[in-house]
Amino acid sequence: MFRVYGSWRHSLHCLRRFSTQTSHEAGRYRPRRAVMYVPGMDKRKMEKIPSVGVDTVVFDIEDGVAVDQKGTARYMIPETLAQLSIPAATEVTVRVNGLDSNLTREDLQVILEKSPDGLPEALMVPKVQSAEDVAEVDCMVGEFRPSAKHQPLPLFAIIESPMGLLNLRDICYHGIYKCEAVRLQVIVFGSDDYLAMIGGVRSEDASELVFVRQSIVTHAKAYQLQAIDLVHIDFKDLTSLKRQSQEGAWMGFTGKQVIHPTQVGVVQEAFTPTQDQITWATGLIEEFDKHQKLGKGAFTYQGRMIDKPLLLQAKNIVNLHNAISGRTNS
Amino acid sequence: MFRVYGSWRHSLHCLRRFSTQTSHEAGRYRPRRAVMYVPGMDKRKMEKIPSVGVDTVVFDIEDGVAVDQKGTARYMIPETLAQLSIPAATEVTVRVNGLDSNLTREDLQVILEKSPDGLPEALMVPKVQSAEDVAEVDCMVGEFRPSAKHQPLPLFAIIESPMGLLNLRDICYHGIYKCEAVRLQVIVFGSDDYLAMIGGVRSEDASELVFVRQSIVTHAKAYQLQAIDLVHIDFKDLTSLKRQSQEGAWMGFTGKQVIHPTQVGVVQEAFTPTQDQITWATGLIEEFDKHQKLGKGAFTYQGRMIDKPLLLQAKNIVNLHNAISGRTNS
Amino acid sequence: MFRVYGSWRHSLHCLRRFSTQTSHEAGRYRPRRAVMYVPGMDKRKMEKIPSVGVDTVVFDIEDGVAVDQKGTARYMIPETLAQLSIPAATEVTVRVNGLDSNLTREDLQVILEKSPDGLPEALMVPKVQSAEDVAEVDCMVGEFRPSAKHQPLPLFAIIESPMGLLNLRDICYHGIYKCEAVRLQVIVFGSDDYLAMIGGVRSEDASELVFVRQSIVTHAKAYQLQAIDLVHIDFKDLTSLKRQSQEGAWMGFTGKQVIHPTQVGVVQEAFTPTQDQITWATGLIEEFDKHQKLGKGAFTYQGRMIDKPLLLQAKNIVNLHNAISGRTNS
């Protein structure tokens, strides 16, 4: 059914149209270096968010909330959002329950109808296994937030099953080109459920996850999406957190999930562009502008032919740099 | 042709029907921690099997048997099976020759017609490269073992070529949903032929095989199949065998191929669930039963929303634990 | 559109027909252990090529040439080819600019129309992202080198984007079975553009590239193509070059890109078959010939059932050995 992504040429065509409308556009890249979960019924923790300085906060109704607390969390999140002054630099997201729970629709209804205008800024859906899952979410969101009145809501999809990984190309394609009420922007790797489902065990260096982590980056980047790496479980070991964060950044992840405020600084620093990257990107964009003015198409920069995707990558780096340069990292 | 797996929702639907009929069902998980090959014309080695205590034995007519011995092995296996008292804890499998050899049909005819009732319990087919290969095997088995009279014969498919890996999703789908005389239950990684075919060389840490090993686990687990890791060649080095076995278990493999009885104990111990896994799984199932009685659907357990696949995984662990708890490991 | 590779059985069928016509055939395996780039407007460097002893030289009009030099390079390459006596052992290739540059067609026209007869022996196209890209190249080449008058020109496709990797199966299939003026023979991994496009960073051990490198080998070898590994950037560090070359050879790559003559010897040695491989391959082919004469199909060799793909692999090793045994390595 949904194996409809067709040819790359078509994808590129869509991508070009797409890139004039969304956060991929220059100047609107949204930094999501650290993506922090806060349980949606823990008022005390939620109230601390404005001072954390995290790029993305996720008010959680899923794993962080016991089943008999789901109703409480659903209503407490909109209420809290109405009271808090969360700085614009922190993106506000809500994680609803997965489709298998039969709680998703009610989660969405309460969150979308009761939250203050413009909030949440994005939606996170766990356990996405197929393009049909994305279609179902799109349908539900459209019910409570008609696309005629709203821009599509940015969507984070968590991949945490082997079937989700096998279907990731369809998920990306559908989430970008076939949705109306939501638009896929971020792929998140849910490592613990993934490992439980394949019956694996987490080792010190996560070597058993090389395939899935790098496969997720490849898919996300092929579709110009952000990719968010696994949670580092031992939140007290910042040395090991730093090493794992850098490893993820080098693999091409754009950010990492965190579960505690002490992790935010280390993680955000690891996902901040290096001076080398900024110099490369700034120079590339300057050259591009210069050649555009001269009416020349192709050009080489630092010994490489420059094309659209590299230009986009350079813009992402510069935009990320600009977006975060006024921020502290924790 | 066979690229027919369609949508995940459909797969899930099939999976649900499927899970009421097969060994995936609670209480019938078949442990296959060590899968040991014995040449089918080596009577002395075959007669030792009852005392080895291995989870799965494979009476081999393929690589373990020279071409001029194929006929001997074909007839000796059924004869030997009729004489031996192999304990119920040891699953009896036969490996036939691959389809390219033109020996497969005759192998199947002799083995299926001459073996004692109920034996072999499963069939292993090497060099599976496509869904068509699986269809061809299904057809041949159906000739000698009509599906009207028999339950489908559990099938082990060995993936040992890059084309087999590229086609693995189709192979899984076809072997589970489209066969009548056989039903795919196990994916086996044949590392030596794989390496010869890609022109690679085996290194000490098998780092050149990370992609293929983890890709096989992902596919197998997406379709709830077991996955059997590579043979450790140097059968005298048990320390290195132990390390590689644990590595495979952590990646999500459910067992490992062995070629010598001395390897069985080390391997089976490495693929035995840890106390932590058993505690996690037992607790999860208890919680699930409790919530079922109260008529509640979703629940969290140890901070995680629990869904069907995680429940299935927990049941597999408990069933494996129960199935092997009375066994010695060598 | 181009997702037409169909079934493996069909592929194999095509492969068999195919193998009677191309360099896959016994005796015609083309060694490409080192693939060296030389800027197409650098006459001095080009004139040194005859003495380098490299398996494949790539006269470059892409990254090695500034935009205002493209025209110069286009004409200088055919001119230089007419003057130089490059030994038959060195394959002569030209790298044109990628399709997004709008320079490809003119590159091809000048190179194909102005070069001496029989040169270049192959064509390298960068930034291949889809089967459509291959089709477009095939179409352009056909314009200037009609297939009615010529054998198909061997094609090297550089994969250097995540979308190219996702589409690699279609690219292989199309490049082998659907082209008229070119025929795909080699997949090259362009690591630097790939890393820039996924936003990754090159580490010492290239661990962030495990997935893409091994995925490329799997695809190439499934379609009996050669696979060329990444450039080792620091061309002065020959120790580290040697380690990385061997790693690539063990993964199944058949060669490696180089950017400096000093790298050629080290690389070509690493991709030379070991004595063990030659003994294995020679023995296998002898056994095969013996069994053919006796009219026997299947046979085992060193404890393994031998089929067509293993035979082909053995022939490649022997042919590579024969092809290079008279050569010095630098």
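Going by the order they are written in, the chains are A, B and C; count residues from 1 in each one.
Keep this in mind: contacts are C-beta pairs under 8 Å (C-beta built on N, C-alpha and C of every residue); 3 or more make two chains touch, one makes a residue touch a chain.
Everything numeric in this text was worked out from a predicted model, so none of it was measured.
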Angle, in degrees to the nearest 5, of the Cα rotation that carries chain A onto chain B: 120
Numbering shared by both copies at the chain C-chain B contact, with half separating same from different: different
Centre-of-Cα separation between chain C and chain B, whole angstrom: 37
Overlap residues in chain B, where contacts from two or more other chains coincide: 210-211
Residue ranges of chain B in contact with chain A within the complex: 6-9, 11-12, 169, 210-211, 214-215, 217-219, 221-222, 247, 249-252, 254, 274, 277, 291, 296-300, 303-305, 307-310, 313, 316-317
Chain A - residues contacting chain B, complex: 1-2, 62-67, 70, 97-98, 100-103, 126-127, 129-133, 161-163, 165-167, 192-193, 195-203, 207-208, 210-212
